[in-house]
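Okay, got some structures for you below.
One chain, chain A, links the two complexes that follow: it is found with chain B in the first and with chain C in the second.
Presenting the complex of A and B:
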């Protein structure tokens, strides 16, 4: 009897017990800090001990802060350069590996995907030495293949900082995009190609009118995810250029980290955090809007 | 840097190695026969070599002496006498590398176990039960999905300071146990668990907890494998939050420890030792990937629900 009551009790309250640990932690360590970071953005701070209410001072300062806007500019430049290269290269790789005649497909797939297993910090440590001036592997290869460029490229200078980050980022994530495109390509209906061929469409026409519509959802996804990820880029430039980061390599999150946790103003860092939220939200909405419109056009 | 996002499909696609093939574009009918075949393979092989070279270079670098580090691109091949294992010895003798490795292993394993358990339990409840407050809970969860985690840094830092968790692993593990993404992922997967199976279990007197552990979890096993790999990699590579929270060098994790080796003045940086540390830091993730890859295939092959 007692056993039955126990069973009935656990049957009734099971779902609450199951979500309880998550909900408690979610409230304490996500919702509460989130709320706290809103209120903190109205304070001036010197370490966690000294908080002074400052009203909208942080946001007013943010709008005029040249270092912040430089960080925004750097981040946007990185995002654009990265996506413009990553998406076509990933798609190209996927198209090649999707060929009927390719040998060792699994091996190649793994060869391109494997950098994804390496974390950003470790990639940055490796590329810090690969890109070393004169004797680094990248410069050696450049000197050997394109003598006009030579081995003298200084990847850590203000001018070359962005290409250096993009290069490391591409090595890391081209294979990731490729895997998604490959999955999308394999789900495109084969009959459509045959129908197009019967209608006399060449390979190029088939690509634009059969393949592209077929992979558009994945394309949209990768662009959106790539944008959101790029806006938050931090470890790669932070470790790559350690100990001295050139001003052209300071990203939004790096600036947030520097003001909040190196200079100790967690109030201003909160304001930067919310500015980042706003920017990501706006860019995502614009992208969803644009890709949505494109889809309307296609019909 | 799509790293924090789910290569679930990706790892599945790798594991499954689908046999069905869509028609190709490169090497099409116009580029006839062998020419197209050879061009295609030449291009792919070149690109694969570029993609794998940094790994090969890294392995070579661990056997290079300090004075050879930049004078030889890979290894002094003609003089095997100059190859050395001293980088490995120095790494463990002069740096608390063993401690960093242990810390990283402990934190990543603990994080993975906790987050997989909590997410699957919560996801099970969301997928298979109706309960008060489910709708609002899911709405709040979904609305936090888009927020970049960096906006939480200040608030969480202040919280950790107030409750005295700074420089402790609690500050990493406890907030890290919350994964909205994991909850939604498991919810999605567990919707596929047949209700009749659960009902049959209840008739047999099975407790709800056992239904989760013995019925639902085994069915979503391939997804669990993928998510385990993801969580482990996330924790293993995480840098920003541990860097803020941890202060004692012996408590450092691998990314933080290695980054601090870079902080030395330029010509003092022990390149070979640093590369050895990096190589050993990448190894565990690679091993786990290979283990779980087989797990996927087994999970997919046996099929969860029979009959």
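Presenting the complex of A and C:
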């Protein structure tokens, strides 16, 4: 092969070689498992040689599976409660820590963001201790402040499971939302505030007509990411409530895990996984439509 | 020296080259004759001391590994589902009772473990091990594991605090009597300002307690033939009884604040929880954490609902099985025999835990007849052995986990009912909920059938 042909060869194929590692990894660890899980969702699996085509039977079973719908209900309840609290609290914190009147702003920013660094499992372990009956810090504080409640609130019971997960999830993620809002707040044009002030707008009017439109893309992003994350929540309740998970704490992914890895029904677990994908897709599309981002993108 | 992509990239490249070179030149580990995976730390520590003797006697090398339970379960599940003869599987594996149901999903000839009936019969162990303990490890009469334990359950309690409340708990024979005694206990201590003192450890969200009583009543939620019993009238009676024990005006149960560590220690030593369902494996935990109440604790057989009920239940368990990846099953069987059933193995277990072996032939040995000062001189192990003879059969099926979930769901609804409406009409309500759960489980079992 002469030198010119070698150069021509490398000119043509070098880009493929550069992208090959990504493409190979993507195909092996994402595309193939995804494709395989679609196939599996149409099969009943009971061992290495027992794979029986079942058509839509797994999906039909899912439609009438009350434990699955309980998990969906729990997940939706968690998502709503979490977003309704997380977004305003994150925004409030960001507004506070964006103010020059607050001392040690950087320290507080780091302090509020730091739970995000340790992850869901660690937070679940910590909250397992904080919420323990009688000896947990939360129950001790409740008992001291409101003696009628006492120190024995069972946060791990069916009635209190949702507040317990939401509390832990908020502690974990409020700082994360705050960082995004801070970045958005700092990018809002200062001149707009001055112009609004000249027009006689008060603080509330400035917030509503200047700040909110300025941070709207970030707000939409956080709601979208928060919704997707909440629909996929697993580690937090799984670790927090093990070994006895109350029925009100079973999320869709937990139910998927229990079905696939504790009962060994891989086919049905795959069907649950794809039902979850569909649900997230629908909810995300609705959100994008409601917030008008789809139309803006189209323009 | 300069590098046009910057120093960080240069450092990362350097690290990658060094790490790659080390990984490529790493000497291959010599594979042992037998690899054993264990998930329980206490078991690992016992076997660690026994393995050198086994190696010396047989000339076989053993690679003993302590693997996290969750990781091991997932690994085994995926390998059993894809390639049960994979070299990545160990030859011998210790399996927990909660995992085995899903390994039994395939037909018996496709299960990832080797049938042990012949080896057990040839060696004579089949007649020496208590028969009911093979039940969890058996599918269609094929035994896939040698049981490590029996795990009979007693009721342990703070005798001093019960006596102070004017109750001799050892005279209690039935569950309703126990409930009355607990009510009297709580009334006594509440009147003296002890708001955190509870008669018995029992939680509103855990159906485990109910499942213990159901086994005592010889009910498996799903039996070995995948028949569903969750709506048996005795299940209804038990759920309704338990719901009133933990919720509503006659509640007596207190929730445990931790399975181990300082919270459990405080609960035990302060007398926050005063009675427990206690299998033999839990004795050493209680002794470790209730160090200040030695001599004040007592144990008794479980109360009953009906005279035909067993005086005990069974809670937890593990076994050792031989995987299909094993090329020399007889050597693997020798290892299990040595660790579980040999004199050395039993002596080592006796030193480190209170878990009694399933081997009936050793139950009469004097070592199991010693008085236990922690339980005021009661012969604790002798009581466990006496109860072990009456152990109910517990079956494990792929539906067992989901059945437990369904029962917890019904319990939650029953607890809500008691809290909102009181006990009137509870049993009828429970029956309705359990009927729905039974239909759901039957539908699920039918859906799983692939033959």
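Everything that follows uses one rule, which is that the second predicted complex is superposed on the first by the 274 of 299 C-alpha atoms of A that agree within 3 Å, B and C clash if a C-alpha of one lies under 4 Å from a C-alpha of the other, contacts with A are read in each partner's own complex, and residues count from 1 in each chain.
By our rule, a contact is a pair of C-beta atoms (placed from the backbone, for glycine too) under 8 Å apart; a residue touches a chain by one contact, two chains touch by 3 or more.
Every value quoted in this text rests on a predicted model; they were computed, and no experiment measured them.
A.B. asks: Should the pairing of chain B and chain C on chain A count as a clash or a fit in the superposition?
C.D. replies: clash
A.B. asks: Contacts for A:264 in the overlay, against chain B (first) and chain C (second): which applies, first, second, both or neither?
C.D. replies: So A:264 only meets chain C here.
A.B. asks: Which partner chains sit in contact with A:132 here, chain B, chain C, both or neither? Use first/second/both/neither.
C.D. replies: It touches chain B and chain C both.
A.B. asks: After superposition on the shared chain, which partner residues are touched by A:247: those of chain B (first), chain C (second), both, or neither?
C.D. replies: In the superposition, A:247 touches chain C alone.
A.B. asks: Classify the contacts of A:156 with the two partner chains as first (chain B alone), second (chain C alone), both, or neither.
C.D. replies: The second partner, chain C, only.
A.B. asks: Quick one: classify A:66 as touching chain B (first), chain C (second), both or neither.
C.D. replies: A:66 sits against chain C, while chain B stays out of touch.
A.B. asks: Between chain B and chain C, whom does A:190 touch in the aligned arrangement: first, second, both, or neither?
C.D. replies: It touches chain B, and chain C stays clear.
A.B. asks: For the overlaid complexes, name the partner, chain B or chain C, with more touching residues on chain A.
C.D. replies: Looking at chain A, the partner in contact with more of its residues is B.
A.B. asks: So, does A:99 touch the first partner chain B, the second partner chain C, both, or neither?
C.D. replies: A:99 sits against chain B, while chain C stays out of touch.
A.B. asks: Between chain B and chain C, whom does A:48 touch in the aligned arrangement: first, second, both, or neither?
C.D. replies: After superposition on chain A, A:48 lies in contact with both partners, chain B and chain C.
A.B. asks: Would you check which partner chain A:57 touches, where first means chain B only, second means chain C only, and both and neither mean what they say?
C.D. replies: Touch partner of A:57: chain C, not chain B.
A.B. asks: With chain C in view, single out which of the stretches 80-88, 260-268, 278-286 or 296-304 of chain B clashes with it after superposition.
C.D. replies: Residues of chain B that clash with chain C lie in 260-268.
A.B. asks: Taking the contacts chain A makes with chain B in one complex and with chain C in the other, which residues are shared?
C.D. replies: Chain A residues touching both partners: 48, 129, 132, 134-136, 261, 266.
A.B. asks: Give the list of chain B residues in touch with chain A in this complex.
C.D. replies: 1-5, 7, 9-10, 13-14, 17-18, 20-28, 30, 36-37, 40-41, 43-44, 47-48, 51-55, 57-58, 61, 70-71, 73, 118-119, 121-122, 124-126, 129-131, 134, 137, 140-141, 144, 146-159, 161-162, 174-175, 177-178, 180, 183, 202, 205, 207-209, 212, 233, 236-237, 239-240, 243-244, 255, 258-259, 262-263, 271, 274-275, 278, 281-282, 285-286, 289
A.B. asks: Considering the complex alone, what residue numbers of chain A touch chain B?
C.D. replies: Within the complex, chain A contacts chain B at residues 7, 10-11, 14-16, 18-19, 21-23, 25-26, 29-37, 40, 48, 82, 93, 95-103, 105-122, 125-130, 132, 134-137, 140, 169, 171-177, 179-180, 182-183, 185-186, 188, 190, 193, 203, 206-207, 211, 222, 225-226, 228-236, 239, 242-243, 253, 256-257, 260-261, 266-267, 269-270, 273-274, 276-277, 280-281, 284.
A.B. asks: For the complex, give me every residue of chain C touching chain A.
C.D. replies: Checking each residue of chain C against chain A gives 73-74, 77, 80-84, 98, 101-103, 105-107, 110-111, 195-196, 203-206, 208, 254-255, 257-258, 262-263, 266-267, 272, 398-399, 401-402, 405-406, 408-409, 412, 415-416, 436, 440, 443-444, 447-448, 450.
A.B. asks: Going by the contact rule set out above, which residues of chain A touch chain C in the complex?
C.D. replies: That would be residues 44-50, 52, 57, 61, 64-67, 70, 129, 132-136, 150-152, 154, 156-159, 161, 244, 246-248, 250, 258-259, 261-266, 268 of chain A.
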